[in-house]
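Both complexes shown next keep chain A, but they swap its partner, so chain B is in the first and chain C is in the second.
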Partner chain A sequence: MTCRELGPEDISIFSDAICEYFETTSGEKAQVRSAYLLEGDYPENWNDFHGIIPVHGDFTGTVCFSAPKQLLTHVLMLMGDSSYSDAAHLDLVGEIANTLSGRARKHFGEMMKISPPVAFLGKHEKIKTSRAGRPYAIPFTWRTYEAGLVVNLCTL
Partner chain B sequence: MRKPKASKLGKYRDLVLAITIFLFLDMGVLAFNYYTSRLIAADTARINTAGELRMYSQQLAKAVLTLNYELANQQPTQTSLAQISESHQAFSEAIERLKSGLREAAGEGFSTAANSEAMEQLEELERTWAPLGREAVTLLGMKEPGVNDVTSIANLVFARNVRLMQLAGDLTETLESSALERSSTLQTIQLIAIGLAFLNFIFIIFKFVRSLQASDRIAEEARRETTRILETVQEGLFLVDREGRIGHQHSQTLFDMLDKALVPGDNVLAFLMERIEEKHRESVKDFFDVLFNKKVKPSLLKQLNPLQEIAFVPQDGKTRYLNFEFDQVKSGDQVEQLLVTVFDVTEKVTLARDLAHAEQRVKTEVDALLALLDHDPATVDSFLRGAEARLASINSQLASVRPEGPAYRKLVNVVARDVHGVKGEAAALGLRAIEMEIHKFESTLAPLRNRDDLTGDDLIPVAVAMNDVHEATAKVWQVIERVQHYANGEKRAAGDTDSELRELMSQIEHLTLRIASDLNKKAKIEIAAPPELKLPGSVLAFLRTTLPQLVRNAVVHGIEPAEERQRQGKPQEGTISCMITCDAEGTLLISVQDDGYGLSPQALRQTFAENGTLSAEEAASLSDEQIVAKIFQPGFSAIAEPGIHAGRGDGLALVHDMISRWGGTLKISSRPNTYTRFSLQLDKEAWQCA
Partner chain C sequence: MRLMIVDDSMIIRNRIAVLANNPRLGKVDIVGLAGDGEQALALAKSKRPDVITMDLTMPKLDGEACISELAKLLPDAHILVVSALSDRATALRAIRNGAHGFLLKPFRDEDLLNSLVELCK
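What follows is the complex of A and B.
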């Protein structure tokens, strides 16, 4: 078992994946606005739609992407979708979570075992913090919208 | 004993010998053919010569008659005389040649009956010829022979020509017969020689094929063994040639260890350059330059080898730590190849790092503890709260920063100033761990300061560094909590017996597992006590003394080794049940039961007799109850040699002593190979009034 701590390069894997996803699908890259430690249950400006990847292995925890409905609707529109139902929005955050999952798999290899992404709507899921470290919250801006990423991983 | 000297030809000796014989036979057949052809030529020459004798005799007769006629008619005689001379000479020479030829044939070992007969016929022919020859010489010696001179030779010619021709014919037949006979013998010899050569050839083929098959079998077996070794060996094994190419034979684990995309023929140095950290690349290159140097000794190679516990990043991204060992494979005095052995030492390196990490953590905690003890708690508390407040403030600013370069720059400078203040306070208090983390934090901030092109991405390392400082302060808080917990311990002992009982149970559980582990046994303990049971401190002290002894006894003497339990059809893991209950009458019941050997009086008798605790006679004279009761007497143990966990015979004696002092009762019940249970009972008055 490796004991390496989660470094900036590990976290950047997720933020880069989000930025590039938006660039690929919309032609406009999302920008990381900042990075900070999550104090409460949710980051500020926590949104409605969430794509979450549960992780275990040498790192354990979750990586969660959250976006407001308007942002997702805009992306769906750019992608040529005509359905703007909640299901379509959930599919989209699920797809973004899938992208995160693929990047993580490539970067961490066997160190990280990733369960299938889960997409959900609403704020009922709290970010569970652990004693080993606080989750990292990374807000993004894309056009006029703001989305968020929470990397809540700790080493065993 | 002297070893037989190995032939230079080795396994090919027989084959070479057979081929040599084959060649000799072939050469012999060729030589014999040559010799045979010579004999046949000689035979043919003799047969021809014998045939010529008939012709010469006829010529002579004709020439004599012609001469006679020419003299009678007074015609010129030169031609006739010349023919007589030629015939005479040819006949005489033919006889000489035949004689010589027959003698040669006899001298060459072909003195057959036919040859002798031919010799006799030739002698007779010579005798018949001799008068005729002499007359011819006389005639040829005359200057001008007359009719009368020719008459006598003519008469001889008439008288002997037919005989001569008959003899010559017989001689020819005899020579032909002799030649045929000899030819037949030679053919037989030739056939035998060819037959032998053929047999020898068959032998060679047979031997060669068998030898090849045997070699193939050995080679196949060797190949199979090599494959098995390469499939089984855990290390990565492969050969590298002078061009750095990986050989085709390699252990199965090699490419799992290095990279599945790697194939034989790939350049190992180029591959390593892509997979190891940049700081090692130059030294690895230099090392590869000396690997094929025949003058470099193996011990020096080991010293120079930089590929030890080297971080290796394969395509799957999971860093491994590998050791590479190189052995030169020499041919003559040249290094032809390298045998490379790769060991995966990730676990070892990781464990070493874990250990170093744990040591560092302990050191940090000890440092923190020492630092705390040196200072007024209120000062430390104030510092920690202040530091956390400043970190919270920084975090808040990170969360709300505007996404603009100047705002980022301003924030980084504010953060740097704030944390520097915290660092100074931590240093003053001797909180080195916090000081060091903030120092690292400042190192992270340094390259960001005064940059106008900062983006949100640049704040990710800032957040990570801040988290590390948070963790460092959290550790100091933990140390403080422990100290406080320790300081409050006495208060708890005075009042909180519930938690004391829980702690005791926990200690008993750990003790059980530790003893089982030390004795290489598998055991678990089930502890049960009703939550409503309130025990006074004196009873807890009683339990603290007795329970460890009973549990220790159960693990050491009761639970069998896992293998034995398996043989008996029991679960490998033994179970010890520890129960503390109170019955309706208020009697406190404490029992410790194991599912092991059970108590056997007979086995105890034997053990006590063998370890000298009792004499054989004493042991035999005691009843079952008496012998079992001995286990509660000091110095009686069922183990010959005392160990750390048992063997001195004091444990159960102590339990017995305690229960006696409390006025309680102690019972044992047991069933061989099923269980042993020790039950302690304390009456309500005894334990509630204690």
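What follows is the complex of A and C.
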């Protein structure tokens, strides 16, 4: 089965989704830097909290949002949530991954099927998914926090 | 208004519950909080909500299937989809299956309030 890897125009959809998410949530856009192809599976500056969205349908692979605890705590505060437990941070990192993936369906269409998020904690945890294509990392800064999205998708 | 909130994110459920206390919405009783479609159907049978906010991407039973069942179970209930799925086909199908409105995530507080006010007119 042949698999078409995503191109820069596809990846820019995710960059736009990151900007839109933080602007809507906080009134302040994220500063998204250039996406780059990862040599391995993970960026150098991998964070503590990760939300992974398994993707299927006409696509295969994953979308993974990775953020430091401080960024997530800040967003929880903006949402009026007063629970700063690990469970709340895991819930939020999964929800952000889900939202960014969902926004990409405007571009990719409904045959990009999105599963509920799997969230986990740990800087050195590995993503337990098969490699779909060449993973792109999209690093960004929101306020003073560094975070990123890893898009590892290809179309069938 | 008897409100049921369906979303697999606890944070989103809590946020909607807090916003539902806004005086613009009048008296709101939150009669159920569900984290998946199966839980939502069970709660709907016993609590009979008249307004429901509904996520689409959820475990066990997803939002689309849940909306179809709720439309049969509670034909007079008003369902507002609150989801990040931004393709047109999904929104149209949700409306065709019984939803009355669609709000995209992420949302601002006033977006949700406006949608609920509109839904309850």
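Going forward, the second predicted complex is superposed on the first by the 136 of 156 C-alpha atoms of A that agree within 3 Å, B and C clash if a C-alpha of one lies under 4 Å from a C-alpha of the other, contacts with A are read in each partner's own complex, and residues count from 1 in each chain.
Everything below uses one rule, namely that a residue touches a chain if its C-beta (ideal position, glycine included) is under 8 Å from a C-beta of that chain, and two chains touch if they have at least 3 such contacts.
Note that the coordinates shown come from a computational prediction; the quantities given were computed from them, not determined experimentally.
Participant: In the superposed arrangement, does A:154 touch chain B (first), chain C (second), both or neither?
Facilitator: A:154 contacts neither chain B nor chain C.
Participant: A:110 contacts which: chain B (first), chain C (second), both, neither?
Facilitator: So A:110 meets both chain B and chain C here.
Participant: Going by the contact rule set out at the top, does A:121 touch chain B (first), chain C (second), both, or neither?
Facilitator: A:121 contacts neither chain B nor chain C.
Participant: First (chain B), second (chain C), both or neither: which does A:8 touch?
Facilitator: first
Participant: With both complexes superposed on chain A, which partner does A:39 reach: first (chain B), second (chain C), both or neither?
Facilitator: Once the two structures are laid over each other on A, A:39 reaches chain B alone.
Participant: Looking at the overlay, what does A:138 touch: chain B (first), chain C (second), both, or neither?
Facilitator: first
Participant: Is A:99 in contact with chain B, with chain C, with both, or with neither (first, second, both, neither)?
Facilitator: In the superposed model, A:99 contacts chain C only, not chain B.
Participant: Give me the intersection of chain A's contacts with chain B and its contacts with chain C, in residue numbers.
Facilitator: In chain A, positions 106, 108-110 sit in both the chain B and chain C interfaces.
Participant: State the interface residues of chain B toward chain A in the complex, per the touch definition above.
Facilitator: Against chain A, the touching part of chain B is residues 316-319, 350, 353-354, 357, 392, 395-396, 398-401, 403, 455-457, 459-464, 466-468, 470-471.
Participant: Write out the stretch or stretches of chain A touching chain B in their complex.
Facilitator: By the definition above, chain A touches chain B via 1-3, 5-8, 11-12, 15, 31-37, 39, 43-44, 106-111, 133-134, 136-139, 141.
Participant: Show which residues of chain A lie in contact with chain C when the two form their complex.
Facilitator: The touching residues are 20-21, 24-25, 76, 79-81, 83, 87-88, 91-92, 94-95, 98-103, 105-106, 108-110, 114-116.
Participant: Looking at the complex, which residues from chain C come into contact with chain A?
Facilitator: Touching chain A from chain C are residues 8-12, 14-15, 18, 57-59, 83-87, 89-90, 104-108.
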